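What follows are several structures.
The two complexes that follow have chain A in common; it is paired with chain B in the first and with chain C in the second.
Our next item is the complex of A and B:
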């Protein structure tokens, strides 16, 4: 079981949403990582046969996906949009959709309840979706995607709106599904979310594939990106003097009033390793440390620019 | 849904109003049962049917696209054309139930004044029900196709039903054969009264109609073609809620 994407593009008039993508996806969890508007959703919609590629091919085990309803038996999809038939109960929603797979009413009910149990929504399944919280809606959306036990799951931002406990539960469920040999494609714009579920990542921005590989490969790529780190310290003058001696530090700016110094380093990993050693050795009290540009947008800008 | 039921019940409210006004303003000689054929023709066939089919037909697919619920339906092992056709048919049946239910209540209401025989024959009543149902099927399939294919479908639909259909369907000559209302008029048991003040009404009342079997046959073919076109063309379209 494999998904093959070759030279895939999608454009709307002059706008290119997805640009010459070529990759393949094997069983296990794969993360589509990219900032909002990167083209992840368009790509996912092509993968579920909802959009027709403008160019290129897209196959599951050699079969084209567009307008191929028989393949849908093997696919589960959790859309990003918070869209429902609000008047239905959670159970009715999952049950009605599962019945479209040709299961009898009883069998569909059994499968719907099982899926709802997996996402921990059994207690509220008889309530109308209109009364659900964002997290509950996210869970019920996931239930309809997994209820028919598909081989391939496409989950578009599945952790949106979930509380930390819910995130942990759903991440665990996604990992379990991947470990059971299913292809699970998860899209997200948050690096650590994807990192927690898989080490197999496709990095996408402006419709282009920037990198594909393990989280280690991507991390390495990211780690070569000059990173800004702001440190608040009781002896900011002394700290600045020490930091200037680090060969990986490209620039230093300090603000005596706020007791903070901002450095730019081209080896963030090394910097984060040496800073605590320095603080211990020189008895510097570091009260806080953060990175103003440690977000995907900055990383993507760097990767695109590079 | 509620607005559809309320709109469908407007003629019933009108009937109740006539009952209220009869002793006050219309006089004891006024025959309420005689109102039914006019009500069926003007209100149901020429106003509610085109108006409601435009709104319902154009929203059959677009509502699902705009509310972003369509992906749930399309990611199922069901051919797209079947999903589209099922939605179109469900809308048609729903509107037919509302309109025919309302017509039946109006019929019952009017029958209270002088009995059923004074309103119309049972044959005429059921023919009217059949024509309204056929109208729902023909118009909704047409407007679902319009709704999924062009921008501003409601405006286009209203211009078509209250412009093209009204004008061309009332004119003598062969152009009227291109309208749906011409065939519905030919089959409807209640005709417009000659001598009406409205120009279109006057034209309709004096324009010849087809024989019933010919009109029924053409209407059936038209419905089949429209359903086929709606199901097959809409199934090839990409329906994506544009957010990215």
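Our next item is the complex of A and C:
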């Protein structure tokens, strides 16, 4: 199962919402990341077959998704907006929507209850949606997306309005769904949320795809942007002196109290290759090594020019 | 690193080959609309039906019960009886259409629920049909269904075959008139609901029915002005369907065409306003 997007564009009159995107999505969790207005929701609505691309192709297992009701049966969608009928109970809401996928009334009820259990809403499922809190609405919205056991899930800002406990539960659920072989696409503008669910991301800004891959892969692509590496060592003065001799090292900051040195390198691969050799040769005991800007925030800031 | 199962794992159970989404939408909305206001209206609208039922009983049993004689005097159970019942229910019919239909699309747009509908295998026609059935269900239950019931009541109570021989076509006339009225009024309220908020849709619907009648009353010398009135056109066509003289002095064909044009305009508005999936050219 694979989603293929080729040369995809969408424009509204003179405004381009999505611009020449080409990528593919495999099973597992994939994060759509970008600031508000980046084109994530437009892209998602094209992926679920609601919006027709202005240009390009979008296929799931080779079949075009646009208006394809057979494929739609395999898709679950959790929109960003609160899309509810306030007078329905949570259970009736999920039950009604599941029946639209072709399940019988009884089977739909069974599946609705199961999904509601998964999002931990069993206790409140007989209450009217109008009386739900923002977090409860988010959970029930998620339940309707997963209740028919779709192969492909699109979740638009699924963690909005959830409390920390709820976030943790839903993140775990999303990760589990990905591990079960489903394609789960999660859009968010909050970097650490996506990072906690997956390291496979698509960075989108102004409708353009900035990068795709794991956080590390993307970091590798940015060879012009110096990578920060922090090393903790027993002989920090000596190590600093050696590092200054490396031609790829642009700057060095050391902290004697913490026994650590932070360097900026514009050739991370070369740096990571040479450091162990140096440690061995000069008998330096390196206790830890990490890259403080090899996280999503740093990459995102850099790529979108933040 | 998780090892993914790359195969498509289809649902092993039974799925309906063509999901009847319109039925699910209709069912859900019929339940949703079952509110205090609707129940009160159903009870009030049942009184004229009970009166007519009593009249049928009176005519049939006049000789057995003397007290019924006054009540049934000069009363004939014929086509006009059924037409009058239906025309008399028009006030309740309009109220029910407003109560059940004004917010039916407007609320979906307000809460962005259409986005959810159309992320499911739901077509435009599923959506419109589901909504239309909801409005028709409640409006029909106080008008056309009781009219049919009255017909069968008369059939059961009639002592000979004269009634059925003369008026066997009445159920078809009721159904035909019902379909026309529901299509026109139903599409009108759906179109308004798709354009404005629920409350405004109700007000506009009422205004669209009232103002042409006011204009018709102000200028009685030009009977063709009645063509702008949906209710006048419905009465004109309805009378002809029941084989009775037309109430207004203009062509029934033109009235029929005016109703068709109203219906088509409403369907056009619905097509424009309700977008299952958006196409930008």
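The rule is simple: the second predicted complex is superposed on the first by the 217 of 306 C-alpha atoms of A that agree within 3 Å, B and C clash if a C-alpha of one lies under 4 Å from a C-alpha of the other, contacts with A are read in each partner's own complex, and residues count from 1 in each chain.
Rule of thumb we're sticking to: contacts are C-beta pairs under 8 Å (C-beta built on N, C-alpha and C of every residue); 3 or more make two chains touch, one makes a residue touch a chain.
This structure is a prediction, so every number in the text was calculated from the model and none was measured.
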| item | value |
| --- | --- |
| Simultaneous placement of chain C and chain B on chain A, clash or fit | clash |
| Which of chain B and chain C A:54 touches, first, second, both or neither | second |
| Touched partner set for A:188, first chain B, second chain C, both or neither | neither |
| First, second, both or neither for A:179, with chain B first and chain C second | second |
| Partner chain(s) touched by A:1 [first = chain B, second = chain C, both, neither] | second |
| Partner chain in contact with A:102 - chain B first, chain C second, else both or neither | both |
| Contacts of A:144 with chain B and chain C, given as first, second, both or neither | both |
| Residue contacts on chain A - larger count, chain B or chain C | C |
| Touching partner for A:37 - first (chain B), second (chain C), both, neither | first |
| Overlap of the chain B and chain C footprints on chain A, listed as residue numbers | 45, 48-52, 67, 69-70, 72-73, 75, 77, 79, 81, 83-85, 97, 100-102, 144 |
| Residues of chain A touching chain B in the complex | 17, 36-37, 39-42, 45, 48-52, 67, 69-73, 75-77, 79-81, 83-85, 97, 100-102, 144 |
| Chain A contact footprint on chain B (complex, rising order) | 67-69, 71-80, 235-236, 238-241, 243-244 |
| Residue ranges of chain A touching chain C (in the complex, touch as defined) | 1, 10-12, 26-28, 45, 48-52, 54, 61, 66-67, 69-70, 72-75, 77, 79, 81-88, 92, 96-97, 99-104, 107, 144, 148-149, 151, 178-181 |
| List of chain C residues in touch with chain A within their complex | 2, 4-9, 11, 13-19, 21, 24-25, 27-28, 31-32, 35, 107-108, 111-123, 276-280 |
